[in-house]
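By written order: A, B, C and D. Residues from 1 in each chain.
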């Protein structure tokens, strides 16, 4: 009898475990509309978790400045961790949000924040920025010091609230083979029209070349939308607006370029376009549009015997539709803060974010190591950074040169709207671009029309 | 056949010399083509491994060239140094060994008990239950991850050894393997033990386990290898630096300082480092693994 | 089978396994079923307090997907192609390996290498081997390098084939996937089949030899039937695995699940499930995985039925 | 088809690679099997009988020697070209095929000019099935058959293509006693009907004797005796054969020949006129005893077992090798079971005398004996250049110590080391006999197949002339050195140890040429050293 009871008991325990697990499926994320507690940070001991993607050399910089930060706030412990790539950060956090185990601070891209915000997990920063509590808010001078395009990225979520702070940024720049350009007396293209003429010219000099390589198809499409002023996406209402005639026409134009052999992209080429640019083989490109942060990849390897670079790299801004109203994409990580039950954790997180984004020395050093550009203007006056920029050249100091070019176009930065599904739109227009440029057809318009329609369909289904 | 006549031989006489020669030719060709086939397969199999090794010896710049090189222009070892120094090897090894050993032992105990029940004991619904267990192998496991994450979080297990050990202790596959092995032990042994008044557990310990040893050893090795190689789950639930396992610690996407892209040469170096012990284990225990697989006989 | 009077004991011994399975396998399954019937369920949405209606909406959504048939077709096609090819190849390799003397252990160890080689590395090398670098879609096309496979085929006068690049054909893509999946599946199958071969009594082969059985006939009439339980096991489990094909496609084509410009052309059911999870459509993903489960279940039942007839025990 | 085996030898490499030993399974085997006869290969397990069978089938290749079918040398042919049928011990029936498919299988393999039509195949298959009386079971699977039926199917499968030679490996061992009797008659009948030369292997002497036209008794790869079963039983050539045949087994006594009479203990049991005096073994078949009040052989009566026609008397004798001796006499003889003593006369044709003094081993080169070891006298004798040297002498611990002292003063460090090792060996063995003898004994293991490791020994001894001799060598028989020059012995030992043991190489590498170091330190290479071994020297002495 006892044994039977035991048996029954076991089954009951098992069932109970299962049922209880199903039952308690409720959980609350942090409050979005954060209210700064009275008195701001009370000095209590808190431990903050910070997810990022920094490599070892950047982590070293970060560690140095955490020490500095702790001199001001000794009770705030920062535990930071490299969580693989940007995608890994997003996957990890979106899983953790489900149970409220998300970190305090994280590297983010706008679409990540849009995703986290579906659960309302990201803290609105407006109350913190505007707080009058001691040491909390940003002063007007501090606000003004931010490069406006970068700062405004934090407000691209369709509700005019501020969700992220920029940490370090990059954009796309045009790398060109300066040696070749000088040799053939070629002019740098300011507009896409000039670019077309230039490509034709280069093709005549070197018929086996592909004059221009564009690293990212998606960036290309989005930037063109921005330059033409035609709709791409919207954070509110109907999200996917890119199926329009302007966009179709530039896609059609680039298709012709591609068919003529003027241009290729990373996916179309089947390898890094930077590789095509720097390699000294039968096929070459003489221009390459890519991230300003990847400048070292756009520099050819030194000749083993002479120890010199085979050619000099020049860097300039990307071509524009309208040279007087330039638009270049803004990329690079921002920081967001997650809601927590203890408001002191949120305030402390903010203090750390504020420290990283507004400290000149940190911004300068971080930028020099990473190849990204700082987000505050005053870094330019930092002696080390000024020195760094002054020594820019197309060889050993190419990172500085690229930074210098970025800094020159502060006003041109744009960001596209972020919402849950914005990364999907990005993927789709990238694929669309490749398809429309390459697919063989007799009826180009029909191809383009259906590709656009399919892309919108796919976006809408998946969002 | 009363007349005792000699039966007629069906096979015709062979021309002995010709046949012998033909035999030799056949043998030589047969051997040649067999080796040729096996060596071609071996080359195909080895190629990605080779690729992994040479990639780990390339500079990042060379790796990114559009025309891939089949031998590094410049052999560099710093990728290994970086993979090595980026991780806290001592802790990683300690954690991996603890998790590997404990989970293997517990898993063995559970697997043995479960397989024993399914192989020897009789109760209502046994077959249905076993079929159900096998059925779980059919479900795409990807969906379990989030639910299981929730579960272990609620149990407060995040960043503990428990979370690395407990959730995957039961492997239906191993239960299945071992059950097959147990089933091949004759029933008469069990009956004899029962007559002698031997308890089930004693019988299990004294008779079945020794007889099924090859399978148990191969399960042990496979489980250990699994612990060494597991990535997805530990990566999700044990992120604390002092809780990470070797694969996570070494593989955790080595990113380039600038673009944030994965630095593949370093990652390849890390992957190679992680693979070496596994490979050694296979070389040393190949005999047991083979034995276990063949003995278990995987029959319906 | 031996009857045990102490049935409670059976349950006692089973309890650790059952409790763990209940919590970490059964419960997730139950949860999956629950979510599959909550229309348009998304986990993030649920966190923000949204409620969901009960119904078949998720299933409808799955079936309505414009690429649903593509996913289904790819899944089935890859499975139907790779399982027989890899099994036959593994069998041939195992039999050949079993028939040689010197180098046997060495080769066997080599064949196991893919088992410990990381899948990232393998996918990357396959992509690199088939990759054409160049502007293949420009007029005239411009090829920087046609990749090792095309270069090898070039020796025999074959024009470079566009395997996985922009504008590559569906069947070229399928071919690459089949080669990759088969390659990936070989080590385990060779291991299992070799194990099986070694447990076959050598006397059967001696008997066949005395009777002058040719190699092919020995393989087909003796080895295959005697190995049939192993083969059935391998086939059934690889069908189960084959329907869950996903990571191998990511390995070759990346998250776009297709060649550049043809996103999703190689997408599979599990690919669709991942895509839905990424888009925070956990309900839809659950529905899709139930559909997939039903398919696998049906195929497995058919497999079992066939093997009952064909397999000699 | 006549089958001739000529100097057939099969050597297996040792399983233990490190030991590198080789196992001689069949040693220099020659005999002729007449056409159409049923031959039994008989011997204890491990005697090489199955190996012989497999060599005839072609599944195993002989190391040396030739096999003829008729006048054709078929040694190089592979099995399928020999036209043999083989029945395996476990039958090896294909479990997935029906009986019919199993029997058809060999026919379906025939190619070219041998190829049969489908109808012919079926006809042949049914003929074969009928022959073994299983034509009713054609559609069953082997698992649905009894052991005896499976055996018949296996025979049918082997017979179906009418082989030139039929081979059966332990055909009855998997059957129960009743079936065994029945099946062996069946085999006899089938062989008679088909007239196919049939060779079968068994370890059961009764089985072999009951149905064979001729039996071949084997031991350790060497033929002991060949002949018709009754002849072999009635006239065994050595003690092994005598002991191996017959149930109940032969009774063996220690005995002696003195003054033309055979003695067991003090009992003169038989006349042996003209035979040299010597220690002998006396073997008496159970039926060789005659109860007699005044019988010559005195035994202590233990019990009397009545078995109907016969009476079995169990008694004991101090000289017997077994605790009891068993004699079977006609039941007409009344035995008083209460008596303490029983006396027998012996039947001369049932009593065999075997030489006792035996050479346990000898080592010869080109027919000339080099060394002989006599187990009975525990002496080792070396012969060269027509001279004989007795080598085995007791060596005391004192002697060894003295030798060592001498050695230490004059030897190189290497030699000292090995002397020390040699002492250790001696100490461990607690040798009473001279180490030389012990050494040589260890060189020739009785069952070379079973010793897993090679031991290389270095030892010292003294011959009768008082000359000190040194021994070095290994059990692989590759090298043996008996020399008065200690440096030679030490060098060889060192060479063996470092080359073979030290570097883990196979012993094979040092087998090139058989170096024998002579007593005077001179080295000669003998290409062919044969080692004769074992009890087959316990030859019968014909009275």
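The rule is short, and it goes like this: a contact is a pair of C-beta atoms (placed from the backbone, for glycine too) under 8 Å apart; a residue touches a chain by one contact, two chains touch by 3 or more.
No experiment lies behind these values; they were computed from the predicted model shown.
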The chain whose mean C-alpha position lies nearest the overall protein Cα centroid is chain B
Chain pair with the most C-beta contacts: B-C
Farthest-lying chain, centroid of Cα atoms versus that of chain B: D
Whole-Å distance, C-alpha centre of chain A to that of chain B, is 40
Calculate how many whole Å lie between the centre of chain B and the centre of chain C, each centre taken as the average of the chain's C-alpha atoms. 17
CA centre of chain A versus CA centre of chain D: separation in Å? 86
Cα centre of chain B to Cα centre of chain D, whole Å, reads 48
Which residues belonging to chain C are in contact with no fewer than two other chains? 6-7, 11, 23, 26-27, 31, 43, 133, 144
By the touch definition above, chain B meets two or more other chains at residues 66-67, 146, 151
Send over the residues of chain D in touch with two or more other chains. 78, 81, 110, 161
Touching chain combinations (by label order): A-B, A-C, B-C, B-D, C-D
What does chain B use to touch chain C in their complex? 30-31, 34-35, 37-39, 41-42, 44-49, 51-52, 55, 66-68, 109-111, 113-114, 116-117, 120-124, 126, 133, 135-140, 142-144, 146-148, 151, 166-170, 175, 187, 190-191, 194, 200, 225, 229, 251, 264, 267-268, 271, 274-275, 278-279, 282-283, 286, 289-295, 297-300
Touching chain D in the complex: which residues of chain B? 1, 4-12, 14, 16, 19-20, 23
So, in the complex, the side of chain C touching chain D is made of residues 201, 203-204, 206-207, 209-214, 217, 221-222, 225-226, 228, 312
Residue numbers on chain C that touch chain A, as the complex places them: 6-8, 11-12, 15, 18-19, 22-23, 26-27, 30-31, 34, 42-45, 47-48, 65-67, 131-140, 142, 144, 165-167, 256, 260-264, 275-276, 279-281
Considering only the defined contacts, which chain D positions touch chain B in the complex? 36, 72-74, 76-78, 81, 83, 107, 110, 113-114, 116, 124, 161-164, 192-196
